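Below is one structure, written out as structure tokens, with a few remarks after it.
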């Protein structure tokens, strides 16, 4: 079996209008870019077009600069938001945590073994507990305590770290703090949060206890982009676990953690593989 | 492979106290009832004990009357609610529907092929649409139209039919009417409803449209007992279907119907097999 | 919410070579066909390209004939196998059954309610048992008994019916006969079989009994195209059900039937929506 | 919510005969042991009875010795194999690995965070690669290389370690060596293996490549007890992952690893919670 050559990834979205596909695929053919896989979708409600292409350049003199130079003008005609991602480009990821380590442990394992094509450059926490885990993986760990009074200062420090490490994606891996509206806005579209419940049910505090009170037969988790409406950001992925009457709230929490880490991993993987597009309050996820 | 002899089913619940198991199992041994399967559970929060036993009488002169006579006194000591169900006893079931037929069709198929050990004795609807389906299965169909003004009279007619057909269980198989409080109370604990959403999310009208607006990646269904808080009755079973961005609200409805019918079937099957116990606002479901 | 206009569906496959996408999408743009959705995939092992497009013609004078006339030449250059499917084209489907009715019942329900965009034109069986079910749906039912000695004659009769009813797809919905090699060849690529096990495990007789002997914790089903290697044809879809120690072989059969009918429905749906492509001994299934 | 007091666990199995339940439950009542949960099952094919009880001693002078002294005679009458497990007894577990670390990493995470109530006392490998991971968790790591010629000596060393560390359970967490028949016999019933496929399909080498060749739509994993028929030991748990045409063999391997680690964790958890009973070539698993 031949080993797969990692492809370049092209993504774009723009208003729905005839010719959007053609402007992309015609350029690919002309530029000698062999298309390995296409997903496109037209949302008839939002009137928006989305496309993701994996391709293998055939011309020896292919370059990102040349692509940009040649395609920019064509894209402009369609008001296209587009991006080009080099094979094996590793997004620089900052992870924020509190004390729970199940999501962090999983992300670091995936990172360490190459299952997530990312570069975890920094871990930021309002608690000191998970520093050892960060250290073993050789990742800088910043302990930035927070109180109601110091939230804005702490968030300013967080922002500085995010910038200092050229962060492309922030992952809130059970960071148990409500972000300020300005922080939410700052992270809009480039931060993924894991919510420990199947939204939109059980918002608010202690969702697993709420779930137990109701006698649910399933618990779930939701990974979504952060926006200015914290737990209501566009959903990327969801997962569920079956439970029963013999599971008390503490058992639901344990069961929930398993599905939280899987759901968050799926969302981060889809994001870094450029499979996720914002579409108003919803997302388009290709081949997720 | 030996064919399985259908067992008698004994179920009981009572306040948690030492000796509850012993009073049951000792009697079974003394009476010569061979125990095939036991599930018991003690809810430490509600302080209530639940047990379900499948057994095969070994004494030729076993009788329901003798069991009742002999066990009643022992049970009283523990304030035990208990019941005995004969092998292959078929509960008399009334099904209520409106126009959607996916749940009805599935229940009738299961009934016709013996997968549900029930006797569907009557179908009641506020619409005439599903009469043919009922007829083909040889089941009486009553069309009782309803308006805001006639709700109470119609419900009175429904009650009469329920009584006339010695109904043990009412299944609301997408009966698209909000029951009056008195009707809810009348049906308390002996009617199962299917809610077209994963409660507690998306209560109220058009839940699939709400789900689409939120861009959920899963839709679900909830089967629960009717009580005086219609969509909040104790949950028996839940199910989910994975969906994606390419599913519009009408697709979610179609996907949802598949999971509704499976979820309702599971709940009815558990109920008639005496696997479900009310436990306050929750349920205990053994081996469901 | 706007109601979705049913799209035309274009599918094609050909050897992998640069320009395959462009020849399709350029023509679509030139012909004024608005592309709603694309899936394409290049199998690096088989060196074959596959594409499926949903599109909405924008020109009033769009016609199937014009499309054919204009695209045939372009396709020839790439040795492209392609097809065009009109919105809501209903494939003519022949269903073959024996005595089990769970798959037939489900397919007919989906057909009757429009969930499967097919036209079930004939039902053929080697037993008389399911005639009533066919009749209620108003579908001709042919009882063609079969013995070891009469297999070839019976198959000849079956072929005649298949031709007489202009059959596009044959569905073996638990038709419990091994087809002759010539019949397999005749049906190659246009017949879907449901195998009552998760292939490749438990081939041969009484797979559920084999599964029980092994104490499996899951049973499955496989829907695949018929080819000259009956139970080894290219897989379209698979499904599983969780089971446990309390399930005897007869329970596994019942559990298995539930997953058989869902799996077969999924396969037929994908096929008639033109989502499935043969790819040697495997399949490509887009958005299934 | 009250915190749950960890219960004592009693398990037993014996030939099916009337009185088996009573002898247990009567003793529990007499001894003042409050029963929290019972599962019992009678296998009508093997003619064997299985029971698992969680109980909370109410007598201050409860002791394991007293239980043994008092119950042994009663059990003997029924040829009962039985065991008593103290609350939070931690089984001493030896883990054997080769180079793949996904299962080891998961087990160690569960061990470290208390999700698995075990004591991982030693890790044994035929490769040096995973020593760092062992060290970070503070667990002794023995590198015992193996060749065809040294298999028996190496296995003798492994046995010594198993004995030296008072091992109660051996977990083969992707230990990529075929054990000798004598080693299999030595480990019979007290070693759990994870097989990287949904048995009984795809036995033998490179199962994921076999699966890819067949174009399967699901890959699975099987955790089972080791017996003298290596990949055919009694199955404890199985899991599956959905895959599609875009997954090459290397993708199936990655997908498979996710389900391997979950499946192995489930099996180990059920084993240490005393939920699993050998039943000939099959198992009984209560509440798994």
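For reference, chains read A, B, C and D in written order, and residue numbers begin at 1 within each chain.
Operating definition for what follows: a residue touches a chain if its C-beta (ideal position, glycine included) is under 8 Å from a C-beta of that chain, and two chains touch if they have at least 3 such contacts.
If you're wondering where the values come from, they're calculated on a predicted model, not measured in any experiment.
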item: Common touching chains of subunit C and subunit A; value: B, D
item: Most distant chain from subunit A by Cα centroid; value: B
item: Whole-Å gap between the CA centroids of subunit B and subunit C; value: 36
item: Between subunit A and subunit B, centroid-to-centroid distance (C-alpha), Å; value: 41
item: Overlap residues in subunit D, where contacts from two or more other chains coincide; value: 1, 4, 37, 41, 44-45, 246, 248
item: Touch list for subunit C against partner subunit D, complex; value: 41, 43-45, 198-202, 213-218, 220, 232, 234-238, 240, 244-246, 248, 279, 281-285, 288
item: For the subunit A and subunit C complex, residues of the former touching the latter; value: 1-2, 4, 18-22, 25-26, 28-29, 32, 34-42, 44-45, 51, 58
item: Subunit B-touching residues of subunit C, taken from the complex the two chains share; value: 1, 3-4, 37, 101-102, 105, 109, 113, 115, 136, 209, 246, 248-250, 254, 258, 262, 287
